[in-house]
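The next block holds one structure in the form of structure tokens; read it before the comments.
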């Protein structure tokens, strides 16, 4: 087992995918932002009924998926063919759940794009709520599943 | 209590800081990426002794702090005066701890920059290790402390 | 009378503002997008009552204001202190009116930022409505007023 | 009829083009900037005979076409295969006409790229002339024609 | 012989590659940064044994290759499939040699990406060493070889 | 003597300038691109008399100066107050000389911005001439002089 982006001398590079097959690839990621119950009520009030809160976070996440190769040094530039973000307010856990789905017909997987979308959507919620609540916490960012490519399909446990 | 970025009609805007005082501001944030013990050993081997792994994540975090206003729609553009990232491998918890510090002489706080630096550094570690371990998890991203500005100093509990 | 960005040899440059006073500056711009009445009803339905249409255009406009110096070659980079966009559906004219307000404490005016915000918000509405209506038209983008700076206050006629 | 970028819950997403055919696509867009006759003479003098005015606007428009997916949140990233801008000074109407042509072998149309090129070229002319004339107006930005893709060829009336 | 990016009227455009074949393309470029022997020792000390100097320059070069179409106005956007940078300290000439390799399956060559990677890596070394040595010089940036595409393979003399 | 961007552990950071004085700073840099005499004639023909060649390179250089902190990882973001590029065709040496001047009222020097402007202008000339001449060489990029700041004024020898 080895790190694919680091050669035997310890040098980083953007790995060669020139000869990988172009296949349809999908990745789904999730993450959470925990906040105080009163803060979550503000999000619910402004984001669900009439306001822009969730919409702002959604757009930020979509835009961030497209910026992934600019943010993560060894990521390949990709022409994503679909990005979708879904938000669920979970007051029983005092948190918002964020899920992203990215698709591509290309030579590399899109899990980094999906993870970046979730991360930046969570950061954007943090930004809009931070005047009310400085103790929020972003948690549980992970890949749920990926499809396509040589390494085949994969799903997270649990 | 209300969301400062959303007005009474539910519309988002970049809030007015034109008349806020220019003061020295600092924010410290942290976050974690959990991975399998064998993956952590690869990071240790390539990042601590000879390789680029930690360096790549560090640079990605510093660059991301500077891109914060481009990523988070309602953040003000800022001219950061210092960005520093520190990494600690914690094999007893099978994780890497990432801490960032951002500074500015300006009109708004820099906690979003610090949180963005930690998030993107964690995503970059994920990217470099994902061929070895798809089940990694980014966790516990939060503000540890902030100083300066009208709202005064603040530290997280615990 | 001469073009300030072009010298006597016809060469472009970013003009020197090093010694200009830092003052509070504001600019307001407007623009319109005309569409078929049925298209405007779709925007009204999705943007006013429950959906993201106007929110997406608003965020795009705010982000574009921050990118102004990256888009317009001879613009100075600015640290905007406020950006606000307002949208008004005007079915009597079969159009959406977009107004932006930008503020800065700085050395140059912010009318280009305000105009860029309106332009990109209009383009974003175009993008979301183009499957329904290819014949939309963006019109009447202009500065309404500006305040601050050596050249003083200015308002458009009519 | 519905807005393709907004689902039944009113949520925005980048629509799925994974399975659309890769075909050759072209779009042509146009727009105008109106200015006072004396301002137009300055442009003519500096842009036609020896100077950089038109060249700066042309480059800004080409660069903006490439930034389209970064500016317009729900646009797909595209690898444009051709961008061309043409300018015509029309003193009889006291305006500059701007026309753009974008091409792509890809899965989505390129009309937003063509419209963005025209818009940013017009904004760039505005920027260079604004010291002489604050009352300029950008007008008539629209798609003239598009070719390729499932929805077939289309031309604007009149 | 003519300049392909400039038409007979002298106007710049992004040339049409829509109908060019998609082939595998590679380019290798090199460049040098000369510095005082004591400065080079600092690089050697911090970059070779334990530190980040070379790693920072390497990452900057990889990221710059991906930004090429944003930096060079008439370059086509490309989805690079591999980027690699190598550094060699050459104390006998008091310089660092930088070599880059870029690959792509696409319609245009990648020599500009390779040259941009070398240039920005050299600038990054300059930045980190400039407090010690203001008289450094970046020299000898050129294409060493290119493969693929209609114009065939090419290598620099000497 | 030590590298200011690398601490004793070899870790990179963006150094703290929070408490440095805001002073007026200027930097001038130069560089050269060598080409075959016939290629230089093409540049002369298209760039001096009627065409866009020099204008495109000039705009690319100005834009690159503004992107410096995005390209060079440890550079501070700066609000440049002036950027100017000058080009001189030197057929006696079969080369184009490029000179840039950057200014800022700020806390750090602007030599990296000036060097970046020269480098990207040279790369842009390379791009436009490469169909005619693959063996061009970018050479002699260096700082000519800098003014302002704690370290005082400095000029290159010779």
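Here the chain labels run A, B, C, D, E and F in written order, and each chain numbers its own residues starting at 1.
By our rule, a residue touches a chain if its C-beta (ideal position, glycine included) is under 8 Å from a C-beta of that chain, and two chains touch if they have at least 3 such contacts.
Given the structure is predicted, the values throughout are model-derived calculations rather than measurements.
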Labels of chains that are neighbours to subunit A and to subunit F: B, C, D, E
Matching chain pair for D-E (criterion: over half of the contact pairs shared, by residue number), options C-D, B-E or A-D: A-D
Chain at maximum distance from subunit D, centres defined as averaged CA atoms: B
Rigid-body rotation angle, subunit E and subunit B, from Cα fit (steps of 5°): 180
Distance between chain centroids, defined by C-alpha means - subunit A, subunit B (Å): 16
Interchain centroid distance [CA atoms averaged], subunit D/subunit F, Å: 30
Multi-partner residues of subunit D (each touching 2 or more other chains): 11-12, 52, 55-56, 58-60, 63, 67, 70, 73-74, 78-79
Pairs of chains, among all present, that meet the touch criterion: A-B, A-C, A-D, A-E, B-C, B-E, B-F, C-D, C-F, D-E, D-F, E-F
Complex contact set, residues of subunit E against subunit A: 24, 55, 58-59, 62-63, 66-67, 78-86, 103-105
Complex interface listing, subunit A residues touching subunit C: 52, 55-56, 58-60, 63
In the complex with subunit B, residue positions of subunit F that touch it: 11-19, 69-70, 73-74, 76-79, 106-107
Touching residues (chain side subunit E, partner subunit F) in the complex: 1-6, 9-12, 31, 38, 42-43, 46, 49-53, 55-56, 59-60, 63-64, 67, 70-75, 111-112, 115-116, 119-120, 122-124, 126-132, 134-143, 146, 154, 156-157
